[in-house]
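There's a structure below that I have some questions on.
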Amino acid sequence: MSYVPYHEPNTITMFAGPCSIESAKQLDEVGAALSDLGLSWIRGGAFKPRTSPYSFQGLGEEGLKIMSDVGEKYGLKTLTEIVDTAHIDMVMSYISALQIGTRNMANFELLKAVGAATAENHKPVLFKRGMAATIDEWLSAVEYLTVGGNPNVMLCERGLRTFETSTRFTLDISAVPVVHKRSLFPICVDVSHPAGQVDLVPSLAKAAIAAGCDALMIEIHPNPPKAKSDASQQLTLPDFAELLEELKAVAAAVGKTIV
Amino acid sequence: MSYVPYHEPNTITMFAGPCSIESAKQLDEVGAALSDLGLSWIRGGAFKPRTSPYSFQGLGEEGLKIMSDVGEKYGLKTLTEIVDTAHIDMVMSYISALQIGTRNMANFELLKAVGAATAENHKPVLFKRGMAATIDEWLSAVEYLTVGGNPNVMLCERGLRTFETSTRFTLDISAVPVVHKRSLFPICVDVSHPAGQVDLVPSLAKAAIAAGCDALMIEIHPNPPKAKSDASQQLTLPDFAELLEELKAVAAAVGKTIV
Amino acid sequence: MSYVPYHEPNTITMFAGPCSIESAKQLDEVGAALSDLGLSWIRGGAFKPRTSPYSFQGLGEEGLKIMSDVGEKYGLKTLTEIVDTAHIDMVMSYISALQIGTRNMANFELLKAVGAATAENHKPVLFKRGMAATIDEWLSAVEYLTVGGNPNVMLCERGLRTFETSTRFTLDISAVPVVHKRSLFPICVDVSHPAGQVDLVPSLAKAAIAAGCDALMIEIHPNPPKAKSDASQQLTLPDFAELLEELKAVAAAVGKTIV
Amino acid sequence: MSYVPYHEPNTITMFAGPCSIESAKQLDEVGAALSDLGLSWIRGGAFKPRTSPYSFQGLGEEGLKIMSDVGEKYGLKTLTEIVDTAHIDMVMSYISALQIGTRNMANFELLKAVGAATAENHKPVLFKRGMAATIDEWLSAVEYLTVGGNPNVMLCERGLRTFETSTRFTLDISAVPVVHKRSLFPICVDVSHPAGQVDLVPSLAKAAIAAGCDALMIEIHPNPPKAKSDASQQLTLPDFAELLEELKAVAAAVGKTIV
């Protein structure tokens, strides 16, 4: 596989897509919409780390196949979360870039294995911050990924566990300038998980762009009320299209374009 | 005293000024700069709630006089923090608007007294969130201020106490859309206290505007290394002027002007 | 008033009583029970810092009179919270010892005034930790109380604001050995506020004694379901009597007696 | 392998041992000391999840062999942490009980695999709380372990990530009564990780017993200053022997014995 650069200067990469891949039809609708909007990536989960073993756990390899097909059909690069060392080869055979989720930031065995597996092909890795990790711990843990030689890692802030209950997590917007000050890694901001509710997503997305982020992650779904996970925080496709116009205006104000 | 409206639609009020009022010369320089930039307010502390009794405690009434003089000379409205019920009449005789600080958000005796004292003249009150207060608690506490009949209250987010140590406090940027969703109060964002370092201030200020804030608080000082409090987080006057241009661009992108 | 020592070696002072003083009858019942159990103090609130202005705010001076009468009748020393500099003389005229509550730990004007007012008579002050204050900040703030010359200050841990929701606050039991390591102040543990529910109180009270505390604060009420504040966390008088026996056994295991 | 019950009524199981297994000599000294003290378990780490990839990562399988030999020689049951699904069979072939560490509480793939692997033989699992997990999340995650049929699970509180810096983590002592109230699982308290310093360990260990814990975890080392990890929080063997006597007195006061 060829080198897939995560980030070019003065661009903001948009990682949009559903929380979970639920069916070929669902993901096809999302892929068509993203393609129409001129975006270059699609994201979605096939293996879901859920709080309870009785919740929907994802479609597994079937989901990866669906995502691979949609990516090919619409010319979109694909991003999905990896949750176990045993899945690495399978996931890499279908997907453009691997995501390490917040619950696995300190699963160092997974980091070592992903770092080693991507060392040769430089396949991109999106590395989310642990919800209770300091930035120091995050920047130390990222070395488990890069020690094997893969420089193609992007960090992703996704909200901290705090006492505040009006949001699902407290987005640490300061992580954007702090990461830029202390490292050379580009930084993504996942605005859907901290928001927990769609009506907060536009404000947080604009704030992330204005703060200087290099990428955004936003959950979208063709029919959010029917989503099998995170129903309350996924935007409809038309609402996302509308939001994208507003985001482009803010991006322009800080000299960037959304891709 | 006439009614001093805090907030007009589609404007962002800039509350800039030094952490502490230190001398007539210091505040005059700040006032001249703010006036030159076309801004309408100046802020600064005369009574400082400091962690240690051996730290600089502020100039007290002398500081209020200095601020009143500077406000009159440059046509700027003035904002200062009030820390004790015994000071209310004195502070109100010199200053346009009163600030309740984060350490006093739950000093309900002070809130009751300020609410009662400002009920007739509708003098504006800027009400900072406690560093460990939920938004629910904050919106409940604000009723101590408004119960007497003063509707002229603005809320101010200023960062939460969390485990993260790379910033002084964790700015809760989500508070901006949450407050707008749950109340009719305008909301200010103090970006200097959560940053704790000047080089993070520009990112946070742009983020606050993009998130939809109605006002910004930024600490500035003619000679930050010599400041008697919070030296590391105050911008120089030229750096502030430069930042203001960038902030205007972001404000324009969300349809607002900075006043 | 003569010097009222807070703490003698190898004793654990019990500060029990209702959250709020509600009536002469209520406090008399509590006083009789405490006296029967051989304890030496009674506590209760007359000025209540409540989250909402529409909640019961306490009986004020009438409550202080009730407490003074009950203290005299049963030979109990009295402890109550002070919330405003304007009340200091009044409270001192009725009550043996003053409590600074968690919401006022950083109300430095109140601390200065209480420190000054108690400097001559060495009236004891119980100084609660702010719910979001580090131990460093707490030990720094206590100097506002002692700088005037009153050495008779006891610290009180009462739980931290964290993300955990199964308790009202997270009791920081480690504060007991940390305070003993870093200072000479005795330390009380308020177990009722962090618990938030009576059934957790016994475990926390035993833990506090075993950890080495010098005093305990426990809320009790003749009829908890009818309490005007904190109904769910106050023990009945018989339950408290039963708990006291268990606490004595743990205290004996660490070489102490409860007074 | 036969059923190894974790917990008998009115006993407190002591899991003592070094942070890391470093050599046969080191672990033999610890095993001899524990055996002399009449205890029944030894704990130690062979695979260490360290913040940085450049820190000591543990002896791996060699460490497991050392621990198996020491257990057999001194008649001690053995406990070690498992960090990857790929190690399950290997670890189970050497060790009596498996520990899931705080960083893996939400590594649900590991939980599922350990739950499945231990379903038949009911090998005990010690399940630590995530440092930022609520008790609700912890009690939900434990079902990943028990869903396969292994009832032999013990929970372990080990401190929360909070803003307080005088301890490494904030021990949530309230977790002991809360877990007893909401579940039938026994609960262990790891006092070494929250303390972070040996001089706080005695207070926390006594508090945990008085609060009602069913087991204790304490790190000990023959020569703490030379330890390859967590040097500052491991007790010497003589200090541990002395502490054990004090702990027995507190245990007796709550009707329990330490085994």
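Things to note:
In order of appearance the chains are A, B, C and D, and numbering begins at 1 in each one.
The working rule: contacts are C-beta pairs under 8 Å (C-beta built on N, C-alpha and C of every residue); 3 or more make two chains touch, one makes a residue touch a chain.
Everything numeric here is computed off the predicted structure, so don't read it as measured data.
Two chain pairs, B-D and A-B, are compared here, and A-B has more C-beta pairs in contact (counted per touch definition above).
The most distant chain from chain A, with centres taken as the mean of CA atoms, is C.
Inter-chain centre distance (chain B to chain D, centres taken as mean C-alpha positions): 49 Å. The distance from the centre of chain A to the centre of chain B, with each centre set as the mean of the Cα atoms, comes to 36 Å. Multi-chain contact residues of chain B, defined as those touching 2 or more other chains: 132, 161-163, 165. Interchain contacts join each chain to each other chain, per the touch definition above. Within the complex formed with chain D, the chain B residues making contact are 161-163, 165.
Those residues of chain A that touch chain D in the shared complex are 47, 49-54, 83-86, 103-104, 106-110, 112, 130-132, 137, 140-141, 143-144, 147, 161.
Across the complex, chain C is touched by residues 132, 134-136, 160, 162-167, 170-174, 176-178, 181-182, 194-195, 199-200, 202-204, 206-212, 249-250, 252-254 of chain D.
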